[in-house]
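Just below sit the structures, each encoded as C-alpha cells.
In what follows, chain A forms one complex with chain B and a second complex with chain C.
Our next item is the complex of A and B:
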C-alpha cells in the first residue's frame, strides 16, 4: 500500500485472547466492508477467531482479556518477547474489566459458585500491564472497530496514536444530549476517557467507565456530586468499581 | 428600524410557508428532567405544532448551526504523488425561529471574530448568510443575567424579532428579507393599541430580572488579582469536562485534525470545537502543558469571556444565558464565580 507515493510498511499482526468474552476480538472481525482495505495494510498471521492458520512471526500483538492464570502469564510473556508492539485491547486487558467483579469474593467461593465440583485453574484478575508492559492501550467494552482502524492507520504511518485525554462529557454535549444526570441517571461521563461518542448516555444508560479514567480525572468532585444528587453509597461504589477503572481512588469503601 | 405586527394565525401561515422551501428549526422538547420540567432543543420542524413558542431556554445554544461541533473544512482525493482538494461553503437555506436576544447577541459577537476580523471564516459566513433568524422575546428566567452584560435587547443580527403582545406578535424588522417575509404573510401596520401593548410588555420583561452579576470592574479585578484564591476554590470542583464551553453560545475555541481513510485514497481536514477547560488544550509537542492545572484553565475561560474579549471588542463575550451554570454538575456558574471574585477581592 502506498500513501502519496510512499510505500507503507505492512506489519504482521497477531490477535490473542485471554479471560474475556471475545467481544473485542469479534469487533476486530466486524465492519466487513473495510476488511479488504484492512488486509492491505496488515498481514494477519495468527487470529484464532477468524482462521486456524498459525503462520507465526508477528510484529504487532493485540491482546484481549484479563490475565487470570499462571499459564496466561507464561503465554503473555512469550507474546511480549516476540511482539515489537503490544496493544492491550479492550477493557479487560486495559483495566481488568468486568472479570474484576470476582475479586469481591473469596476465590474458592467464586469458583465453586460457577463450576461446582469441577476443578479449574484460576487466580487473581490482572490487567495486561500488571504482567508485562503494554505499548498501547486500546480502551472500551467492547472496543470500537472504527477506533481500531484509526489506530492501524496511525501505526502504519508511524504516528504515535493520541487518544482523547478529556472526558466523555465533551462528546455527549457535542451530540446535544440532555444530561442524564439531570434525568436522575447515574453517569461517570465526567471522569471517563472520551472516544466512544458518548454512546451510553446517548441511549440514556449513563456512563459505566469502560474506557478507563480521563487524564487527571477529578474523581473526588464527581463522587461528591453523585452524593448530592442522592445516589446511595452502594450505588456509587457498584458503578465506579464495575470495570475496575478507578481502583486507584479510595474514596468509597470496597464492596462486599 | 421598521415595525409591523402579525396575527398568530398569520404567523402560523408564515412558518408553514417558510417550511415549504427551507429547513426550519425551532425549539422543540424531547426530554423531561427529573423534576418533570421540559428540556428544549433547537431541532428541525416537521410540523408547525412542534414549535414551542412558550419555551424557556434550550439546554444547548444554537451556536452549532453556525459553528458545528465538527465540520469538514476540505476533502482530498489522493493520487500517486499529488492530490485534488475540494472545499465547499454551500449551505441549504434555513430559518431558525425562536432565538433569544442573548443568542442573537452571541452571534453578533461571533461576527466580530469570524466575519469582521482580518481573517474571515468563510464556512461561518456561508452559514450566517444562508440563515434567516426570527428572534423571540421572553420574560427572563430566574437565573438570566443578560441584562448585566448588555445582551438583553438586540437591534441587529436578525431578520425578524417577535414580541408576544397577546393575539399578535409585535415584529421588529431587521433586514430586507425579513421585510419581504412579513409582507408576504399578512404583516399589518402598528396601531396605537399595539404600541401600548408592546411598551407594557417590554416594561413587564424589564421588571422580571432577578439575577444580577456585577461586572463593572471585573476586567481590572482579573488583572490585579491574577493569583486570587477564588480560582483554586472553583478549580477544585471543576472536572475539566468542557460542558460549559460546549453549551455556551459564544465559546468558539477549536482544533483541526487531518485523517486519511483506510484505503489511503481519500483524506479530510476537520475542525472541531474544543474547550480551554480540557486538559490538553494548551498541550504542545513534547507533552509540555502550559496550563496543567484545572483552576488555571477555568480562570482562562473566565478571562477570555470577561476580560480578553472586553479588551479586544469593548464588550464581554458572555451574554448571560447561564447555560454553562445549568450544565455544570459542579455548580460553577458565572454568577457564583464573579460574585465570589467581587466579594473576595473588592474589599
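Our next item is the complex of A and C:
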C-alpha cells in the first residue's frame, strides 16, 4: 500500500492469548467494516482464534492475557525472541487485570475452592512486563478497537504512538456528560488514563480504572472528592483494586 | 476417498484453531480399532469462583462479564439476575426489554462470528476468513452487515460489545433514547435482507453425514423460546426449577481437562442452539420457523454439525423478535429504569441461555452485601463430555468407512467447531 506516494512496509502480525477471556482478541476481529483495510496494512500470519493457518515469522506480536503458568512463561519468552515489537494487549496483559483478584488468596485455597483434591497447574498472576519487556502497552478491559486501529496505523507509518496522558474526565467533559459522581455513582475517571471515550460514565456506570493511571494522577484529591460524596473506604478500596490498575496502590495509602 | 481399512490413523491437533480458548484433539486408530480418542481442555484456570469471594454484589456482574469476551452479556445477566433473585428484586418492565434486547444482540453477534468467521472457512476449504475477503467478498459483506447491526445493538442495550456495564442490580443504568431506538430500528430493517442472503449462502452447504442420539438440555419454553430464566428441561423428560441447577448439571472432574464435565440422564448431554431448537421449536418466531422449513429442518435433529444451522435459524428468531421489542420500547411510556433494593443475607441462582447453551450463576451473599460463595456452570463445560462421545462415534464410523487420516482430522475439528466451544469460559 502507498501513502503520499511512499510504499509502506507491510509488517507481519501475530496474535497470542494467555490467561484471559479472549475479549481483546475478539475486539481485534470485531470492527468488520474496517477489517479489509486493516489486512491491507498488515499481514496476519498467526491468529489462532480466527485462523488455522500458521505462516511463520512475524514482526509484531499482540499478546493478550496474564501469565500464570510455567508453560506460559516459556511460550512468552519464545514470542519475545521472535517479535521485533511486542504489544501487551488489554488489562490482563498490562496490569494483571481482574485475574489479580485471585491473588487476595493463597493459590492452594483457590485450587481447593474450584477443583477440590484435583491437581491443577497454575502459578502467580503476572503481567507481560513482569516476564519479558513489552514495547507497547495497549490498555483497557476490553481494549478499544478504534485505539487498536489507530495504533496499527502509527506502527505502519513509523510514528511512535502517544497514548493520552490526561484522565477520562477530560473525554467525559468533551462529551458534555453530566458527572456521574453528582448522581451518586463512584467513578475513577479523575485518575484513569483516557482513550476509551469515557464509555462507562457515558453509560452512567462510573469508571473502574481498567486503563491504568493517567499521568500525575492526584490521588489525594480523588479520595477527598469520593469522601465528600459519601463513598465508604471499603467501596473505594474495592474499586481501585478491581483491575489492579493502581498497583503499588497509590490510593490505598491515602485511605489509611 | 477410500483406502485400506487397516491403515493406522494418528492425529494430534494441538490448540485447535477457530475456537475460543485452548483445546487439543488426540486420535489413534490401529488395525481398525480405536485406541485413543480424546478431547483435552488445556486452558489455564483463572479461579473465578474464588475471585468472587469478598467482592460486593455491585462488582459481581462486572467480574462475571470477564469470564468470557464473547458471551460477556450472558455472564453479566446471569450474575445480576442471580443476585436479584436472591434479594427478591423484581425489575421494571423496561429493564426487562432492554436486557432481552442486549441478549439477542449478543446471540446474533456470536452466531454470526461463528458461522462466517469460524465455520465458513471449513466449508470453503480455506484456513481462515482472510482469503475469503478476496475470493468471496459478497459473503464478507453479509457477515459485516449482520455483525455491524449486532455490535450497534450491543452498544445501545449493553453499553458496548464486550463487558457490559449497564446491568445494575434492580434494572439498568438508563433508558435508551427514542432517537437511538428509531435509528437502530432503521438499521435493523436494512440488515434483515443480508440475513436472508446468509440463508441463501448456507442453504446448500454439505455438512458431514453423522448422527448420534443424545440428551438435549435447555431452558423450557411454554410456547415461547426462552433466553432469560425459567424451568430447566431435557429431551429425556427431566424438568427442574432454576434453583435445582446442580441436579441438572452434576459436574465432575476428568484427568485430561482443566474444565469440569457434566452429565444428567446418560453419559453426556448437549446444550446450545441445537438443544434449544430441539426442545423449544414450537416457540420460535414464525419467520424463524419458516427459515427452518426452507433449510429442511424439523425438530428433532441428532447430527451435531447441525448446531450451525440451528444457529442460523436463531439469528432470524433474535433479529425479528428484536424488531418487535424495539417497536414496543419506542412507544412505551415506561421510564422507570431500576427498582430500589435492600441488602440482606441470601442465596440466588440464575439460568441464562448464552449463545453456546445454558449458563448458571449462583451466589451466596452475606448481610453486608458481599459474596461469600460463587458457582458458575458454563455451557461448554456441559458440552465437553458430549463432544468426547461424538468424537469417538465419528472416528469409529469414519474408520469403518475407510476414510483417510486428513479427512478424519478435518471432520473431527469441524465437529468440535460445530459446538462453537468457548473453552476459556468453560475453565474460568
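The definition used in the following text is that the second predicted complex is superposed on the first by the 250 of 256 C-alpha atoms of A that agree within 3 Å, B and C clash if a C-alpha of one lies under 4 Å from a C-alpha of the other, contacts with A are read in each partner's own complex, and residues count from 1 in each chain.
Assume a residue touches a chain if its C-beta (ideal position, glycine included) is under 8 Å from a C-beta of that chain, and two chains touch if they have at least 3 such contacts.
Bear in mind that the values here come from a model prediction, so they are computed numbers and not experimental data.
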Please work out whether A:217 is in contact with chain B alone, chain C alone, both, or neither, and reply first, second, both or neither. first
Between chain B (first) and chain C (second), which, if any, makes contact with A:205: first, second, both or neither? second
Quick check on the superposed pair: does A:81 touch chain B, chain C, both, or neither? Answer first, second, both or neither. neither
Contacts for A:176 in the overlay, against chain B (first) and chain C (second): which applies, first, second, both or neither? first
Looking at the overlay, what does A:98 touch: chain B (first), chain C (second), both, or neither? second
Report for A:25: first if it touches chain B alone, second if chain C alone, otherwise both or neither. second
Between chain B and chain C, the one with more contact residues on chain A is chain C
Go through the superposed model and pick first if A:159 touches only chain B, second if only chain C, both, or neither. neither
What residues on chain A touch chain C, complex-wise? 17-27, 29-33, 35-36, 39, 44, 47-53, 68-69, 72, 97-99, 101-102, 104-105, 109-111, 113-116, 118, 120-122, 141-142, 199-200, 203-205, 208, 234-235, 238, 242
Once bound in the complex, which stretches of chain C touch chain A? 15, 17-21, 44-51, 53-56, 59, 62-63, 66-70, 72, 113, 117-118, 121, 127-130, 133, 140, 143-144, 147-148, 151, 159-163, 165-166, 168, 173-174, 253, 258, 413, 424-425
Listed in rising order, the residues of chain A that touch chain B in the complex are 1-5, 8, 34, 37-38, 40-41, 149-150, 152-153, 157, 165-167, 169-170, 173-174, 176, 178-179, 181-184, 189-191, 214-218, 221-222, 225
List the residues on chain B that touch chain A in their complex, please. 30-34, 39, 41, 59-60, 64, 69-70, 78, 80-83, 236-243, 246-247, 259-264, 272-273, 275, 278-280, 283, 294, 327, 329-330
